[in-house]
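Chain lettering (A, B, C and D) follows the sequence in which the chains are written, and residue indices restart at 1 in each chain.
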Amino acid sequence: MIGSQSLLSWTFACYGAGAVACLLLRPARRLSVLAGHLGILAGAVLGAALALRVLLRPSAPVEAELPQLLPFVRMSLRLDPLSAFFLLVICLVGAAAAIYGPAYLASHGGAKGGSVRGTVQTVALALFVASMALLVCAADVFSFLFFWEAMTLASWALVVSETDDGEGTRAGLLYVVMAHAGTALLLVAFLVLAERAQAFDFAALRAAGRCLDDSTRTVLFFLALAGFGGKAGVVPLHVWLPRAHPAAPSHVSALMSGVMLKVAIYGIVRFGFDLLAPAAGPLPPAWGWTVLALGTASAVLGILYALQQHDLKRLLAFSSVENVGIILMGLGLAMRLARTGSALSGLATLALAGALLHAANHAAFKGLLFLGAGSVLSRTHERSMERLGGLARRMPWTAWLFLLGAAAIAALPPLNGFVSEWMTFQALLLGGVRLGGSPGLAAAFAASMLALTGGLAAACFVKAFGVTFLGRPRSAHTEKATESPLSMRLGMGLLAAVCLAVGLFPGGVVRLLDGPVRVLIAGPEPSRALTVRGPLVLSSGSAPIGSSISVTGSAALLLAIFAVGAVVFAWPRAAGRRLAPTWTCGVSPQSRFDYTATAFAKPLRLVFAALYRPRRELVRGEGSTTYFLTGLRYAGEVVDLAETVLYARVKHAVATLSRGVRARSTGRIHGYIGYVLLALLATLLLYGRS
Amino acid sequence: MSSPLATALIDYLGALLLFTMIVILGSSQLYRTIYAVAAQSAFLAAAAAVLAIATRNLDLWVIAGITIVVKAVLLPWLLIGVVRRIGVKREIEPVVPTLLTLAIAAGTVVLSFQLAASLGAVRQTVTGNALPVGVALTLLGVLVMASRKTALAQMVGLFACENGIFFTAIAVSQGMPLIIEIGVLLDVVLGALVMGIFVLRVRSSVDADIADLSRLRA
Amino acid sequence: MPGAEAVLPALAQAALLVLLGPLVSGVIQKLKARLQCRAGASVAQPYRDLAKLLRKGTVQSDTASAFYRAIPPLVLAAVVCAAAMVPVVVLPAAGGFTLGDAILLVGLLALARFLTALGALDAGGAFGGMGASREMTVAPLVEPVLLLVVFSVATAAGTTDLGLIAARRASDPAVWHSPDLLALAAMLVLLLAETGRIPVDNPDTHLELTMIHEGMLLEQSGPGLAAMALASHTKQLVMMAVVGALFFPIGLAPRPEPLLLVPAALAFLGKTAVLALFVGLVESSYAKLRFFRLPQFLGMGFLCAFLALALRVL
Amino acid sequence: MEASLLWLLPAVPALTALTVLAVRSPRRLAVIDLMASLAVFLLALRLGWSVVQHGPVRSGLLGADAVSVVFVLLVGLLVAAVSVYTLGWMPRELAHRGIRESRLRLYYALVHGFVATMLLTVLSDNLGLLWIAMEGTTITSAVLVGFHGHRYGLEAAWKYIIVTTIGISFGLFGTILVYAAAAHAQGGALRALSYQAIAAVASQLDPGIVRIGFIFVLIGYGTKVGLAPMHMWLPDAHSQAPSPVSALLSGALIKCALFGIIRFHTIARGACGPEPSGTLLLAFGLVSVVVATPFILAQRDFKRLLGYHSVEHVGIVALGLGFGGPVGTYAALLHVVNHGVTKALVFFVAGDTISRYRTRNMHAIRGLIGIAPFAGTMLLCGAFSLAGVPPFSIFVSELLVVRAGLGGGHYLAVGVFLLMVAVIFAGLVHHAGAMAFGAAPAGADRSPSRLSPLVGMALLGAVMLLLGVFIPPGLDGLLRRATEIVLG
């Protein structure tokens, strides 16, 4: 049994070794990529083991001192249960991506790229995963910011290196710029705190945070919220996300959408509940409400925009915005309820546990979905769902795994998505009852919006799966598609297994949340609060108030009934089963008859037209009359309000301003001299007199 | 020679320096400005000499001598040489209207006197009105450079500006250390040479006044 | 098995709902026929249809995937499972093992809907897609309403467990407040939508322009279709049972004893009959709404439900 | 020994300048150039070592303390890198007739004269000598700026020499005022201009006159530094000079001018307390950062872009000095080094790029990574470093500057600064990304570049990365002592 210390160092040694090996073996391209991913896998496994150990055995947290490089900061790592929980999430998806990666790069990335790209992407991936893992372990400001930026840069490299066209580059630009702006805010928040603490390490910051005055505390929190929110893709700071995430290689998209957003969530949690928490008493109520409102907006808008996407990966990216919103709802409620007294602290625990669990769940199923989309992409080289279809018969494994993910993200029982959303529902509802008045109303409204989100998510993923995998293939590539190699399926299978496990045995998983919750709020531990009626039953609060479900039980029942039904209906009969073409009013069916993504989403597009501002144009063919069409071309799109309303205007304003300023400056030397003279006179006038 | 007399003389010379500067500012004739700056340098040398007598400081004699040689003779001669070479037209058309320039100049002088007035204790160290005059001369020199179109006028302005500095240096504390003074003069001469070369090269390559080029912008 | 005494009643009630489901449909059909001055088919007709379908063979679309065959039993299983969460005649033992609450019920119904829509898309062709698209447009507008209604009642009871809610409300009728009227209104709107009735959907037609639910079943045949039909019958009754449990928890037996069960069963039949009557009347006295008018109709329900919740909380 | 080092350092390049005038063959010229530069570098290191070991060194008009050593080391490093780079750059330049072979020795002579004057500037203990040397740098570098001889070069050179000479004259005026104050305080002769002597008695100087003196010096030397609004000559000059010279101008020269300001800053702090000089530096620093931003955003010319970036970064240094305190001053000095190294590196890349694409219009430069992978990578790294992203050096110094600002409670200034930095980051990454990625135009020169430019870039790139993740204890100690000296 090796000690946690060495386990920690070994974890990151593996990542480093992977990157180095990949660089060394560069001439042998396949081998180098493989070596790199092996390193990542090893690191992920060790990291997961370490995280589990810290989570299950609440002993003293693991600490490690990094070599002191810069004279004025001492960099150190500290693995408390909260960090461990997020480290577990990172390592989980990281492992899946590492298993999945080599085959994907070989079949897709390598096809266009050549050896350089493969190597670059592998190294960048190793750095990416490692920096995320280090980030959640960071125990001082400098290393936090350092790994934060390293994470951004590595993912940026992965985004821009994937394609040669300008698209990836533009997406990367938008991404890195917004990330950097966020970092600037974080910088201020951190450094103000560090100034108060006169030190860089989190322990001192925590101590300083205890004795802040409320206004400063709130200002700092909102700075941090904006900084992290940008990275987490909170509306309206989300515009970079649906561009950058799809542009990366699919297993990297899985990491970016599934994990990187969670790292931002980690930041919010760390700041809100830990560093900035007052010594005693509740957190400022404004925090909780703001986070709740942002979460609600992100959830609804995210899924609404996801519904209208035709690019599979873009759709998934938008749905990440939705899920971050759901997580924030739980967090917001927990912030509002935490430490407000015994009656509500149980609910705070419930909400926080729901949020954290949903963070983990989203990592699992969003990772799974992105990997699935990746294998579709690598097999068909098609990203637009309009030209996919009928893949369920051609790549069954991918299809069923994707379906599992889709059902999970649509919060359908008995999968993990349902569990965490149920917890959030319960928290919102009971919280609303307990709070009463307008706060309660806000919670209730959030609950209703969450319900709406759930319904829309179901619609969205019926579309995603149905249009992509069912019906007939709508392009030649898709026609010839074949199942993806074993390693890719294994990568997906790992995450699918997690979705099932968390869904079927939530009681067991809740134990993992005890540590983090204990660190964050002084409430009852989730495993006590949530599994009062035995491990198979999930309860919100204790009876009579509160309700409970047994996903396990109902799943068993579901299975049993299904078995019975299957036997009955599949019983051999006199008139057996035969195949026949689908009924299309007598015409022999073609793939053009199938419903496309655009068609599927049209009703909702019209229902929410006020939000979408849909643009459609019909182009009639040459020489067509009202009654006789020679040809008809339809083009339509949906605009992202935030983009058009906010960003376009700001960008335009800045551009105009700078052009104006440039136009002002004539290159005449007299002007130059004049400015010097003016500066001197002005300064003398202002500062000359003593 | 007694110190009060020296102070008076310095003040008179300062007035003369200012007068010459105003001539440079106001005149639109290139030759006239060059002669004016030469005269200015002569007055400067005189001031140095006066102080030399007053303080029996040998260095100041040397400085006076160098000033006469370099600033009153060498540099004007160089300028006139350049003017002859390129046959620049005698008139200098100003960038800023001359009257406005003069108004600004008046304001500058007032400002510099006010500034000096605000420094109580130090004024004792400085002989007479040398400090405000020096400030004014320096600023006005730059004003000339900012308000004149031709390169040569700008060079004239630069020399005038440096005269102001030297005057201050002399008056404030019997001149800077000698070798520093010499080094400074050396730099002035070198700079003047380089500028002259530039002017000539631009004339020969593109037939334009170098101070008029404004292709590089923003 | 922990709490078998709690699970067995649930299963029994679910079985009851499954068995009675077709009957309710038959009754409604009979009622409509009468209102239209027709003799109409007997109330047992749905049973006959099911039996017929079960005997028939299957014709499956050649483009459908392997998953296609598994869909009907899965849908049925989901609905039956949902049925097990509703107290029909017996109240659950307090603090006992509970299978699930209203949210799980909604989730299971959503699962059924999800699978149905996928089955419709699987066959390919325009009708299935159209049905799925419309169904998934209506669903997001319906589910929140159901949840809101449940919440508005749940705030009174402090739990989302239907059994506990019913028990709570049965114990003291004073819990009946003005918000419940709004909630009930929303629930009735919802009932029509969820059971695919006019004015939301028209169960009797196969015109591609009007149908929603039927459109999704076009490619189903034989036993598969039977399963789907049974599922929708059951779902309809489940919704009615939910209405009963939420708003009229009268006569529910506190313990599974014969003496208590009989009146409870009668009470349940009475409630169901009333609701069936309501549905039948609405169906025969209203016209189907244009599809794109539905959001307003359902929005109305949403508003009622939200107001009910708001009044409860405030 | 140390005393002789002081004379040796400027003397080596000065003598080299004279000797190369007598040499004709390009090859031999290059070799002499390289030798001399390496010698300068080694001497600088030796001087730095001895100062770190035994404290300040003085002899006559020259002197070296920790502050000047920081600048000497920077100059030495850049000179060496530039010579290495020039080895491979010059032949291509000759081929593209950028420089005529007949004037080659003049070029080398001027470069070394330039270096000599720079070293003299930072090594002079006498404020008058400092002024003389700085004017010397103006004259030598002005000729280099105009070296190409086409009208743009000459225009830039004229603007450069005129504007900076004016500035320098103000600097002289300020020097004289301070001298007057000092003379008043301790009626002395030659020693009155010695920095050490003045700094020693700084507390007794008359605050009023020192304040005015500092204003003149700040505006004057600030013109040479390129602080807005006196910066306008800078993009012209730095963009028109030959690339290695641009690297020296941006990397080293403006830092030497900064050295002058720092000296007077110390005196002013002594005389009138930290308030006036700090506030002025803060104001001008902020103005520079703000003014540079729009020009960086809407810029087409690669080298002008870099010029405006120099404006921004001297602004950041001024901010650091203005925020004051140990942290701010340390950050400012560190930033001097970091920006010098990074900017020189990027100018190297620019030189290579421009000679490949035969244009400096950034809209016409595409796909550099494709045709010159190393240079392209260096471009990206340099751009990110300039934008203040870890793990590159400038991140560290900017972090410290911000920290100092927040520590001093200058929230508004920090806010504006961070906003501008974010906007500039956007512009810079946009430009760099567009140049690095995409498909290169057909006309571009795809030949593999020579070794020596790559070595030059690699040298600076390594330093840039190293200082981003690790500050050697020696350098740290040096900077700390320098901070103490600056704060008086």
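Here, a contact is a pair of C-beta atoms (placed from the backbone, for glycine too) under 8 Å apart; a residue touches a chain by one contact, two chains touch by 3 or more.
Keep in mind it's a predicted model, so treat the numbers as computed, not measured.
Student: Taking chain A out of the count, group the remaining chains by whether they are connected through touching.
Tutor: Groups after removing chain A from the contact graph: B, D | C.
Student: Find the two chains joined by the most C-beta pairs in contact, please.
Tutor: By number of C-beta pairs in contact, the leading chain pair is A-C.
Student: Among all other chains, pick the one whose mean CA position is farthest from the mean CA position of chain A.
Tutor: Farthest from chain A by mean C-alpha position: B.
Student: At what distance in angstrom does the C-alpha mean of chain D lie from that of chain C?
Tutor: 78
Student: Roughly how far is chain A from chain C, centre to centre by C-alpha average, rounded to an integer in Å?
Tutor: Spacing between the chain centres: roughly 35 Å.
Student: Which integer distance in Å separates the CA centroid of chain A from that of chain D?
Tutor: Roughly 44 Å separates the two chain centres.
Student: Could you give the separation in Å between the centres of chain B and chain C, each centre being the mean of its C-alpha atoms?
Tutor: Here chain B and chain C have centroids separated by 100 Å.
Student: Using the touch rule from the top of the page, what residues of chain C touch 2 or more other chains?
Tutor: Correct list: empty.
Student: On chain B, where are the residues touching two or more other chains?
Tutor: Where chain B meets two or more other chains at a single residue, that happens at 115, 118-119, 142, 145, 154, 211, 213-216, 218.
Student: Which chain D residues sit where two or more other chains touch them?
Tutor: 155, 158-159, 162, 166, 170, 208, 212, 236, 295, 298
Student: Can you identify all of the chain pairs that touch?
Tutor: A-B, A-C, A-D, B-D
Student: For the complex, which residues does chain D have touching chain B?
Tutor: Touching chain B from chain D are residues 126, 128-129, 131-132, 135-136, 138-139, 142-143, 146, 149-152, 154-159, 161-162, 165-166, 169-170, 172-173, 176-177, 179-181, 183-184, 189-190, 192-193, 206, 208-209, 212, 235-236, 239-240, 295, 298.
Student: Can you tell me which positions in chain A touch chain D when the two form their complex?
Tutor: 69-72, 142, 145-146, 149-150, 153, 160, 164, 166, 169, 172-173, 176-177, 180-181, 184-185, 187-188, 191-192, 194-195, 654-655, 657-659, 661-662, 665, 667, 669, 671-673, 675-676, 678-680, 683-684, 687-688, 690
Student: Hey, which residues of chain C end up touching chain A in the complex?
Tutor: Residues in contact with chain A: 2, 7, 11, 54-63, 65-67, 69-70, 72-74, 76-78, 80-81, 84, 94-95, 97-101, 103-104, 107-108, 110-111, 113-114, 117-118, 121-130, 132-134, 136-137, 139-144, 147-148, 151, 154-155, 158-161, 164, 168, 218-219, 222-224, 226-227, 291-292, 295, 302, 305-306, 309-310, 313-314.
Student: Applying the document's contact rule, which stretches of chain A touch chain C when the two form their complex?
Tutor: Residues of chain A touching chain C: 390, 392-393, 396, 399-400, 403, 407, 410-413, 418, 422, 425-426, 429-430, 432-433, 436-438, 440-441, 443-445, 447-448, 451-452, 454-456, 458-459, 461-463, 465-467, 469-472, 533-534, 536-537, 543-551, 553-554, 557-559, 561-562, 565-566, 568-571, 573-584, 589, 591, 593-595, 599-604, 606-607.
Student: Considering only the defined contacts, which chain A positions touch chain B in the complex?
Tutor: Against chain B, chain A makes touches at 662-663, 665-670, 673-674, 676-677, 680-681, 684-685, 688-690.
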